[in-house]
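Look at the two complexes coming up: chain A is in both, with chain B in one and chain C in the other.
Let's turn to the complex of A and B:
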């Protein structure tokens, strides 16, 4: 019994990381093909992570600078345990969806503290942009979560997923909320047009400007987790989870490819425009979805 | 046995490291013009895992594209010292080799190699994207054999480089 729990504690983050990294591999290859290039090696993100972790030189700007990526990674691993994956019942209790809303913020805040200590103006601007954008997409996200909680009369993410598996995906019953949810997912992943925080041409990759070597390697691993978390949450909330891990991956892959297509053709918002966009269209859609659930 | 595994680790890490080189191009002169076609669809250097990055902390290669005058040299030395080991420098075009068309200018340094260690030069004015890609392949070979050791030379001969830098920068 204990052995099984230890295996799960090691295996589930590993699974999440491998799904995230495979999606990153597909992303670089698909983007290259959209631009009519051959593109990099398929395993290029893994090689990049190895290279970054094996860098010999290292710098530090202080304790928080070192701890920032570690706390962000730890927070991501904790979040992974809250998201139900097919065939396994993880850390699910009542109201875990509300706990998720809080834990998912920790990573961004840790990055803000860590990058803030490096005292690079680009980092500071990047952090300000990232937190402002978070303020933008959290409002429709919370409304979407409230809509789902009201519809299924539970705050347990696992139960929501199970009820969708028996009665049909929430995507078909609540299309407006689903559209709002997918826009929020795009923003949370920081792809175009919402990559205001890591805009390389404006603020030199923002919070990462002063990070290099092993720190940046940890941040890349964290990014793989981040991709998994956002997509898995969307699949669990709106697409009814999945019966096994391959369907789960397939659903995430479809959403991610859709994201890449938008990512490749759209330019970048200014940060105030991004917040204005979030507080207008996704919020209106989410509120309409909420009204539909309340009226029914 | 222990030495054996260390050798193997070094061989494997060099083999992987050469497939992932992040490039910082310090665009001082006209050489930067040849880089966009190298990066984009026509010549596509991402095939070899070479990607342009924006800050010195993240980069592995410093590409000095064009002539270096004395004011710029100060920044180049700063940027070079901010990069993390292992780091490589490529002198791009004929200007970092011998001054190029600025051979008799009072404000341009003639040999970049005297101030920071250069692993590889690309001759030509301008080198075409094919030449740049060939140079990257050659640098990858050097890294694989462990011969691209400019960052070690900089540490060993720090006095020499610093003396040369002081001579022009004051």
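Let's turn to the complex of A and C:
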């Protein structure tokens, strides 16, 4: 019993990381093909991580600068345990979806604090933008979450997933909320047109401007987890989880490819326009979805 | 037993007077008395831990008994009052050194503590009102210690407090005519029998007095000025404790004097909340969001925290007015938590002001390297306030969210969520501009604050973690307080909450232990990788520029300017502008009045002649005057 739990504790973050990294690999390939390039080696993201982790020329700006990526990665690993995967409810009994919303913030907050200590104005601007954008997409996101909670009469993410498995995907019953949800996922992943925080041409990759070497390696691992978390959450919320891990991956893959298609052809919002956009269209869609559930 | 309730209440007053007299002998006599008596009050309170109820009749006025009484709810608030006051006294010793009139300052400080203790121990409305007024006046004197600006801020504060107090006094008169006694139990009996109009009038008049102190919009305008202009050690007392008295009063009004059942019978209900409570919930929700947006746009660190207080007290009122067991417990817990983390944040900014002399965030920066302990305190404070696990603010906010979900008050819930996300923005701004970013050259010799000033920061940080990981400790008192007022308490255990009807389970200890394990693993992994070299803050990427102390880049002023552009249209309107316009209109009409009342004897005598002529004329023409 104990051995099984230990295996799970090690295996589930590894699984999440592999899904995230494989999706990152596909992303680079697909983008290259859209741009009519051949693209890099398929396993290039993994090679990049190893390269960064083994660099000898690391710099540090202080304790918080080091702790930023460390806590960010640790928090991402923790979040993975609160998002149910096929057949396992993991730790969803310890924290419901409302609590999960706040557990998901730990990593971003730590990352922001770490980047803040680097004393680079690009980082500070990047974080100011990221947080402003977060306030933007949080409004439709919480409305979507509330809609789902009201529809399924529970705040337990595992139960929400299970009920969809038996009665059909929430996506079909609540298409408006699902559209709002997917637009929010764009913002949460920082894809175009919401890549205001990273914006390489404006603020030199923002929060990451000063990071390099092993710090950046940890942040890349964290990014793989981040992709997994956002997509898995969407699949659990709207696509009823999956019966086994391959379907789970397939669903995530479909959403991700859809994301990349839009990501690749859209330009970038100015940050206040991004907030205005989020407070307008996705919010209206989400509110309509909420009203539909409330009236029914 | 009975007498010692009086002793408990008298302790801070005696301490204040002794500190005042002792200061005439030597300053250390003053400090000793002030610290000794504030610690003594706190310790005396622990003799009452778990006491179901204690009463003391201490006088009689207009035929109404004056009663002191203590129950679990008073104990909880008395804990906040005496605990924070004790830390404030300790913090003041170093912080206020340079200040003039210190004897009087400590006298006032301990009198404010005594007055607030009196409010929570009051068993009748006369005692409540007396101590309420005493709190207003003594805290007013504390606010105006800091020169020109603070006198202006204090003026606003006391005007609004007086308006609130008169409104409260009228309601007291009303209910005295009905009940002939102002002891809480008699008042509630009388109100249960009164007409709906009477109850609603009483509710509104009494409520205005409380809402002014709780700084719920639109009655909040005094708070940002008073809390930011007050001396550094007084701000934690105002923000952490004083505004909680409003929340305490609201609890007594809703569930002590009235009850949800009674209000529900008198008026229509919305989502099974009586209409008037629902309106208060909406006021609280609007305060949450607007105050959060205002806090995001501040440049002054203490003003930022003051606006944040308005928004956080909004959560407390939102919870208390929800009328359900979970909501009330969440509101009370948040009151306790807010006292802890907001006082902590005000102490840290007080420490920064002590060393640097400014609270303007764009002038600060990089202090993490100079004041690591203060930084740690501020970090714990912001994590707790932003409601991120595993610290205390998370648990209470979570309870309030779940309570709103239980009642399906979804639109209020959306407001609460947005306010909480907005909190990340201003809190990050606070810690970034003060402690992170680049260190200005003039602060290169700044040191950590003296040990006496670190004590409050240490204690409050530990409490923030303790109540976060083990919410059961605080829930123990809160659930007893709830059952004392006839509300079925929420199920809880030491580590969190079990699955209940319409609410999910929460085990904070599981979240935090997983977090710690993951953190240790990543930390070990990180230190196994090649070591990194420490570089200076000028060794950064600046697109080919060379950054030097003279030409350094820093992003600190107007941090959320682009967000400001989004919300600008909202803030063309403000309650403050409305009140200013109203006072200007009063002044203009006063000017016209002054043209008539010149103060000149000849003018007055000519008025008399004119009036007499008119009267004589009317009578001569055969008319009648009355």
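Here is the rule we use: the second predicted complex is superposed on the first by the 294 of 296 C-alpha atoms of A that agree within 3 Å, B and C clash if a C-alpha of one lies under 4 Å from a C-alpha of the other, contacts with A are read in each partner's own complex, and residues count from 1 in each chain.
Keep in mind that, in the parts below, a residue touches a chain if its C-beta (ideal position, glycine included) is under 8 Å from a C-beta of that chain, and two chains touch if they have at least 3 such contacts.
Since the model is a prediction, treat every value here as computed from it, not as a measurement.
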Practice prompt. Give one of first, second, both or neither to describe whether A:11 is in contact with chain B, with chain C, with both, or with none.
Written response: neither
Item to complete: Examine A:59 and indicate which partner it touches, taking first as chain B and second as chain C; both and neither are also allowed.
Response: both
Discussion item. Is A:36 touching anything from chain B or chain C once the two structures are fitted on A? First, second, both or neither.
Written reply: first
Worksheet entry | chain B versus chain C as contact partner of A:210, first or second or both or neither | both
Worksheet item: Touching A:44, do we find chain B (first), chain C (second), both, or neither?
Response: first
Discussion item. For A:143, using the defined touch cut-off, is the partner it touches chain B, chain C, both, or neither? Pick first, second, both or neither.
Written reply: second
Fill in: Partner chain in contact with A:168 - chain B first, chain C second, else both or neither
neither
Item to complete: Answer with first, second, both or neither: which of chain B and chain C does A:74 touch in the superposed model?
Response: second
Worksheet item: Of chain B and chain C, which one contacts the greater number of residues in chain A?
Response: C
Worksheet item: Can you list the residues of chain A that touch chain B in one structure and chain C in the other?
Response: 54-59, 122, 204, 209-210, 213
Discussion item. Give the list of chain C residues in touch with chain A in this complex.
Written reply: 366, 368-369, 379, 383, 386-389, 394, 397-398, 401-402, 405, 408, 410, 413-414, 417-418, 421-422, 424-425, 428-429, 431-432, 436-439, 496, 499, 502-507, 510-511, 514-515, 518-519, 521-523, 526, 529-535, 537, 539-543, 553-556, 559-560, 562-563, 565-566
Practice prompt. Note which residues of chain B are touching chain A in the complex, please.
Written response: 13, 16-17, 19-20, 40-41, 44, 46-47, 49, 53-58, 60, 83-87
Discussion item. Show me the residue ranges of chain A that touch chain B in the complex, using the header's touch definition.
Written reply: 28, 32, 35-41, 44, 47-48, 50-51, 54-59, 122, 200-201, 204-205, 208-213, 216
Worksheet item: What does chain A use to touch chain C in their complex?
Response: 53-64, 66, 69-71, 73-75, 77-78, 81, 91, 93-99, 102-103, 105-106, 109, 112-113, 116-122, 124-125, 127-129, 131-132, 134-135, 138-139, 142-143, 146, 149-150, 153-156, 204, 209-210, 213-215, 217-218, 270-272, 275-276, 279, 290, 294
